[in-house]
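Below, chain A partners chain B and then partners chain C, in two separate complexes.
Up next is the complex of A and B:
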């Protein structure tokens, strides 16, 4: 596992390094890679997540990706955009992106935006792993 | 309940200002007894629109006017930035938007459209941008309300 603080400081020295922490776990059976997020996924952190996802996809081609969001209290449109772009990229590689552990508030927004058909969500990371293990 | 949150000076997009808007709006709505679900949707939309103002408009200040009555939450956002009409942008996007093809940050106005109703945009008497909308109540009835209440 590795911890990385992700942030893209805008001009002016705005310090956003602690805004989003990403922890990675790789499936020993090479079915999935799990990224656990803690913090806020917003206009200041989405680029960091995008970069990290691209690195994971390049390092582990063919693996499915689980975004574990139980430590995330807020997702802005820029965060949802990263998920949709990642889903498109993985689809071309015949892999999948799934979400796990969203709280009630995020689940409502995810549903209201009609995202479940594109980026499915599981209540827990364990359930997401189980679903992807059979893919 | 009627309250105004004013952020001045803006000085562009900073995490401190975005957090300030988010926290103030959340506190006002929760104190007014607005449901947690509606409050969350409201703060999501306000943060989205205010982020756009801070990033693109060159505004020196913005104001978030919050009204809540009988479970309905109405919000008006004013700023003194350059003219921008999100309603027109939403209208154009609605005609050719495919959620499955999103690869950049164009999702913001779509999200605003999905979480609000009665969305109106104008320039007020002082020449400021004015955006007014109502937050869809608790999003549980989202699917049923969807067809009947498409904004703009």
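Up next is the complex of A and C:
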């Protein structure tokens, strides 16, 4: 059984809370924590994601993080910045950040920025979990 | 009219009404009391006379009663007469001896029953005056037989005069109390109203924009609460004014910064015979993270072009943009190869950008003589190469954005890419503010739409058409990202 909790990013207050909804799932084997995003990851919501990621990393030190993006249609450069900063932080903790479920547009940008070598991406969250389960 | 005057008049009206009512009732009671007192005195005189009259009548020695009746009229105020009459109504004793043995003269007008006395009281005229005639029967001791009656007349006008004197004194005291009460009322109302006057003056000061004013809180009642709330309100207004000033200052500074940033863009296109170029740069906010510039390279024989997009927006992005401009100007003056320039810029910018931001960028060097166009695309949107024959080639990113990885890791995956632009060929560079612009349905403008607008047109037309169609596409809404366009075309 996974521990599932609902959450919304604090950035921007209530008026933008529905722009990005974050759902967290914790691996019972303590290998990974999965954050499912739904909405837009833009200049109004990226701080909320950043804060939430920091909280999860502090609560679950040493765990890998999966960002599930199948519910995200748009990621601004600020959003990619948050992912890269998280990747650096996790690397110092000897953990990894992986992405999952990106649509075609996001995959194209992800590749254009040469990010696959830095932040790997998997087609689905299940595949990401499977890959991290063996780490 | 001042509020204390209003309250004073209101209170004066209430006091006068109350005092008048009380005084009126007191006057009536006083009048009744004085009359009752006079009638009781008359009854007492009559009873005393009655006691001595019974024996005098039985001993037929009634003349001895005359001095007593005389004494009653002289010793007692307002007693007009005192008379003893027999059973037949003849006067036996009277102060006026001429009335003796004559019928008792009294013109009856009415019976008086308002006063609780045992004697019979009538209103009428006696000895030419309006009197209350108070009479009691004369009876022998232990006998029920009425031997005669004693009549005592009380002058009504005399009693009225006494009542009037008493009432005048009462009225005088009441008037003095009324005046004193009014004066005290006005005084206390002024004291009560003074905090309101202070509040009124303070409000006027606030109205003139003075938010330093505070009023003393001198009581714990509603007026004290009002004063405390007023002070809090003024404090809030002061804070709001301060916030507004800060916001205005920041807005002013942002406008100034916007002007400065605009000034950092090249003021003119490079002078390239046989070539045409055009660019447009529009920040989504006051300050943007997009950047465009050109530089003379290789002693002016070549021209370097840079189009960059710093992640994020606003002041942080603008600061990184300004830093990038200096790094590029410095680096391009020393190096020719886009690869070398990009690596140097990355190594210099990396410490400032790491984990905070990154820059996607295209840096290209054009040799106008040969048409050789050498570029490095660091994580940026693809370049569009429109050939004279109408075909389009998409030139994607070839390395990491600036600021993500350092040193060898960056250089490892980076190389110069060279294409040769023939006559009629056009290269189009843009930032993601163009491709990711959304219409009302949330659909992005996209790369294909750009490609369809830049075929077979001049550099200037390419920029203008994309800009125009982009504005049309987003439907007049404020763009959420900076927009930068650059077109470079070799004239046919």
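FYI, the second predicted complex is superposed on the first by the 121 of 135 C-alpha atoms of A that agree within 3 Å, B and C clash if a C-alpha of one lies under 4 Å from a C-alpha of the other, contacts with A are read in each partner's own complex, and residues count from 1 in each chain.
Note that a contact is a pair of C-beta atoms (placed from the backbone, for glycine too) under 8 Å apart; a residue touches a chain by one contact, two chains touch by 3 or more.
Please read all numbers here as calculations on a predicted model, not as lab measurements.
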Please work out whether A:60 is in contact with chain B alone, chain C alone, both, or neither, and reply first, second, both or neither. neither
First (chain B), second (chain C), both or neither: which does A:23 touch? neither
Look at A:81 in the shared chain and tell me whether it touches chain B only, chain C only, both, or neither; answer first, second, both or neither. both
Quick check on the superposed pair: does A:43 touch chain B, chain C, both, or neither? Answer first, second, both or neither. both
According to the contact criterion defined above, which of chain B and chain C contacts more residues of chain A? B
I'd like to check the shared interface: which positions of chain A are touched by both chain B and chain C across the two complexes? 42-43, 74, 76-78, 80-81, 84-85, 88, 105, 109, 111-114, 118
What does chain C use to touch chain A in their complex? 289, 309-313, 354-358, 360, 379-382, 396-397, 399-401, 404-405, 413, 432, 436, 438, 442, 444, 480-481
So in the complex, the part of chain A that touches chain B is made up of which residues? 10-12, 14-16, 19, 42-44, 46, 74, 76-78, 80-81, 84-85, 88, 104-105, 108-109, 111-115, 118
Help me check something: in the complex, which residues belonging to chain A touch chain C? 42-43, 73-74, 76-78, 80-81, 84-85, 88-89, 105, 109, 111-114, 118
Given the complex, residues on chain B that touch chain A span 11-16, 18, 22, 36-37, 40-41, 44, 47-48, 51, 55, 99-108, 110-111, 114-115, 136, 139-140, 142
